[in-house]
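Next up: some structures, all given as structure tokens.
Two complexes are shown next, each including chain A; its partner changes from chain B in the first to chain C in the second.
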Partner chain A sequence: MQEKNRGLALFTLLVFLFLLGPLLIISFTSFEPGTVLKFPPEGFSWRWYENILEVEMFMTTFKTSMFVSLAGNLLALALGIPAAYALSRFQFKGKAALNAIFISPVLIPGIVMGFAMLKYVIIVYDLPIYAGLLAGHTVLMLPFIIRVVASSLANFDFAVEEAALSLGAGRLETFFKVVLPNIRSGIIAAILIAFLESFNNVDISVFMTGPGVSTLPIQMLTYVENNFDPTIAAISVLLMIVTAILMFIIERLIGLSYFTKR
Partner chain B sequence: MKNKGLYLLLLPGVLFLTLFMIIPIVLTIASTFFHEGSFTFAGYRQFLTDPYFIKILLTTLQVSLVTTIACILLGFPAAYYISKLGPRKKVILLALAIFPLLMSSVVRSFSWMIILGKKGLLNSSLISMGLIEKPLEILYTPTAMMIGLIHLFLPLIIITLVGVMENIDPDLIKAAESLGASRFTAFRKVIVPLSVPGLIVGSILVFVGSLTAYTTPALLGGKQRVISTFLYQNAITLNDWHRASVIATIMIVITLAVIFLMNKLATKLNPKG
Partner chain C sequence: MALLMLENVSVAYDNQYILQNFHLHIERGQLISLLGPSGCGKTTTLRLIAGFLEAKDGRFLFEGKDYTRVPVNKRNFGFVFQSYALFPHLSVYDNVAFGLRLRKASESEVKKRVTAILDVVSLGGFEKRFSKELSGGQRQRVAIARALVIEPDLLLFDEPLSNLDANLRINMRVEIRRIQQELGITTVYVSHDQEECFSISDQVAIMNKGVIEQLDAPATIFKYPKTEFIARFIGFTNFIAFGERTEQNGQIILRTGNHTFVAANHPGTANPSGKKCALRPDDLLVTTEDAQDVNRLQGIVKVSTFLGRSYQYVVETELGDFTVNQEMETPYRSGQKVNLLFPKDKMVLVD
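Here is the complex of A and B:
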């Protein structure tokens, strides 16, 4: 019995080695002093971290990515919180259909969505690429915002809201003073999850590039196709650190069960 | 009054999605049936008789199928192990599985370029151990794509299965064992059937994810096209938007068909229903 568990433990260890090994390898190679990516690195240097700052395209695309992910996040919150509230609070006709519509962006293949948006939002609606990128990322984030906010509303006792209303508080006032503070951690977690989803997105962004407009992942993709120096490894390490911090905060806020429940 | 309030809450989101997602998608699909103003299936006929496209479609399906099976074989035992751990260890292992899932797919695919390249870690280790003389050509092949996709989606099936296995009553296994079942039999007859719903959801996520993934095949597949990189090539490189729209529609149909069929299977196999 013990024997079998040890086998299973070893198997699990190997699975995790497969999952995390490549990320460790990439981290080591980022400190390579030479110009070619090598594992193990032949020394230690920060030069490729400095190079990130020197390649202007990384800085501009980073700013675009940050802007699109943050502004799109605000937009998705403004659209998503009221919708999540309506869907959790009230029973009404057509609720299932509306739920399906709000979740549908995750069912459509990303690459198809990117192409359709290029075809209509950029060409037919004639919006600037930057605006199209923002709209695309808002659509992308909306289902995540709605899902996380709705699940924290599911744990909220609406009797509290009723009490405030019956004591004479207005609907809007009640929402901001009673409901919102109670689902605060859910909202912050929703912001972070949607941010990661948007910041890492390739499928939509890859169609929304134009003169001077591109996001960091697309710039990385282009860079990798033409260069094999450790700059991308250095960026990867920075992204890993930020991701780990955000994941830790999400765990503190709503626990990891958000990821395991489907 | 109540109804008016409801509309105000829901309408902005619905309008936004309609304008920026539903209309573009619906019109993209509709556009595939019209060529120079008249209704036609020519776009599809041309496609489904083109051996090059059929080959891409088959490669995509094959890569996705192998990826899904590999993810199940690797993920199921690992998920079982994690689900049996105490809360502290479980959180740590779950976090380690979720972490790569939250990482950029560019980073994750790039790491495999370092490992699988001609002068990469794998080849240089095998050569220095004397196991091979010439470097293996793995990068820019379907095998590289599969490895990258398994790496991409394995965490997804692990965490989905842990979510399901956690809820299996441990007394059921004890009961099976006390009735004389061996540990393995108890696992096979209790854990496996009760995990089927999670297994199906996980498999849908992995299969559909592999079918539509773009970054990994673009970086690791080289000249070998799959359906998503073929869509991109037609839209951007070749500027043939009619063909790209046909491919997009085929992708939507396959995705929805897989989700529909697997959900049917899930209801049929669900031991509770």
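Here is the complex of A and C:
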């Protein structure tokens, strides 16, 4: 028994090493004082973290990324919450089909989505790059918003809504005073999940960016094509920290099991 | 004129009628129950009155005004749900205050009325609690207070006690009746629990397949059911279908095959089309004597069971099996020949 447990522990450790090893290596190398990525690092310095602030493109693309993820988030919420509400609250013809359509951006490979968006948003409708990027990210975030909000509405007793109506509240008033406060944690989780998906996205962004407009992940890709210094490692560490914090909040709000139920 | 009138109302889901040509009149100040098996349309009727459902045809009049198309939130009716439906994000105080604040009452007015109504439902001191910190009975009392505080024109209950345990149910229904009578508020109460409806209502409407089969005072229904469905529903187990019914010397003569029975004239036999005799197991008599000629039926004891106070027999006769309860010292044996006696004044004639 003891022997078997030890074997299992070793195996688990190996899996963890395999999963987390690259992240650890990146973290160490980000403190490299030299100009070339090396593992193990030959010293300790913050110089590449300072370099992030000095490379102007990182700052502009970071702002673009933040803007696209936050504004897209608001758009996706404005579309997604009513959609999730309708899908949970009402029975109607074509409900299953609508459900499938709303979820489809998750199922279709990002590269296909990206290409399709490029074809229509940029080429056929000739939208400005910024608007196209925003539209792409809204579509990207929409299914996450709908799924998370719908799953928190699934635990909502709609008799509560009827109670508010019977007490004299109008439909909209009921939605804002009774439904929204009760799915608040679901909505916050949806915002964070969608934000992570959008902020880290490469495959759609790569099609939707163009001259002068780029997102941080795309800028990082461009950077490593020409530079071998540890700046990217430093950015990666920062992104990891932000992601970890957001994940922790999501876990607190709805539990990470949401991701494994997919 | 009645306070509430449903006239010729129809409700349908997917072209399937749940209520059709439905009529119901309710007088001011009464507590009326809608009782029936699941799927009989009682909840549909209640939701229609509340305004959660819209009638396909027909009219709904309230105080003489047409309410058919008035939306829920403009009706000023209190609704108490089976699941309580308290607002989970609000305290007891804010739950009860919800309707008053929508009516733009001042905070001092809100405070006065919420405090007063919480006293009525014996929940003074619970203002700061949240729904999840209350027991089922307390939640339902908050729900009742929330519905009452807006001084509704009509109070509606949808199986309010079915999620509570047996003892609490009895306490709560007494409570509901007390509050209803204290405030003199017209109430419609839906339940599938017969005892609950009979114990608290002024009138009971027994529904079956979207139709009210009988609407009467509880005691009247209990003694004189009008249809076989109702008779079975309230515990009549013995039936004889007669082919012929005539009146003679103030009595009713009933014939089937070569059997003749006589029933007395009373409200339970007054229905001229009633040709089916219904009897409770407690009202039939079993005897081994041959004394009486009328209303006597020979039979053989098929099953004999002990019920504690009495014995229950299933007696096989030419007209089918009959169930009889009788208190006695030494029971009849299975297979024993007996006579069943049908008391004239206990026979009820139903459709």
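Annotations
Simple rule for what comes next: the second predicted complex is superposed on the first by the 262 of 262 C-alpha atoms of A that agree within 3 Å, B and C clash if a C-alpha of one lies under 4 Å from a C-alpha of the other, contacts with A are read in each partner's own complex, and residues count from 1 in each chain.
As a working rule, a contact is a pair of C-beta atoms (placed from the backbone, for glycine too) under 8 Å apart; a residue touches a chain by one contact, two chains touch by 3 or more.
The shown structure was predicted, so the numbers you read here are calculated from the model rather than taken from an experiment.
When the shared chain is aligned, chain C comes close enough to touch A:Asn182, but chain B does not.
After overlaying the two complexes on the shared chain, residue contacts for A:Pro105 are found with chain B alone; chain C is out of touch. Judged by the touch definition given at the top, the superposed model places A:Leu221 against chain B, while chain C stays out of reach.
Among chain B and chain C, the chain that touches a larger number of residues in chain A is B. Within the superposed three-chain model, A:Ala131 lies out of touch with both chain B and chain C [touch as defined at top]. In the superposition on chain A, contact of A:Tyr120 is made with chain B only, not with chain C.
In the superposition on chain A, contact is made by A:Leu165 with chain C only, not with chain B.
Of the two partner chains placed by superposition, only chain B is touched by A:Phe39; chain C is not. On chain A, the patch touched by chain B and the patch touched by chain C do not overlap at any residue. Every residue of chain A that touches chain C in the complex is listed here, in rising order: 157, 159-160, 162-170, 173, 178, 181-182.
Chain contact summary for the complex, chain B toward chain A: residues 2-3, 5-6, 8-10, 12-14, 16-17, 20-25, 27-28, 74-75, 77-78, 80-82, 91, 93-108, 110-115, 121, 151, 154-155, 158-160, 162-163, 166, 183-184, 198, 201, 205, 208, 211-212, 214-215, 218-219, 228, 231-232, 235-236, 241, 244-245, 248, 251-252, 255-256, 259.
In the complex of the two chains, the chain C residues touching chain A come out as 50-52, 72-79, 81-83, 85-89, 98-99, 102-103, 143, 146-147, 150. Residues of chain A that touch chain B in their complex: 1, 4, 8-9, 11-12, 15-16, 18-20, 22-23, 25-26, 29, 37, 39, 78-80, 82-83, 85-87, 90, 92, 98, 101-102, 104-105, 107-113, 115-121, 135-136, 138-139, 142, 146, 171, 196, 199-200, 202-203, 206-207, 217, 220-221, 224-225, 232-233, 235-236, 239-240, 243-244, 246-247, 251, 256-257, 259-262.
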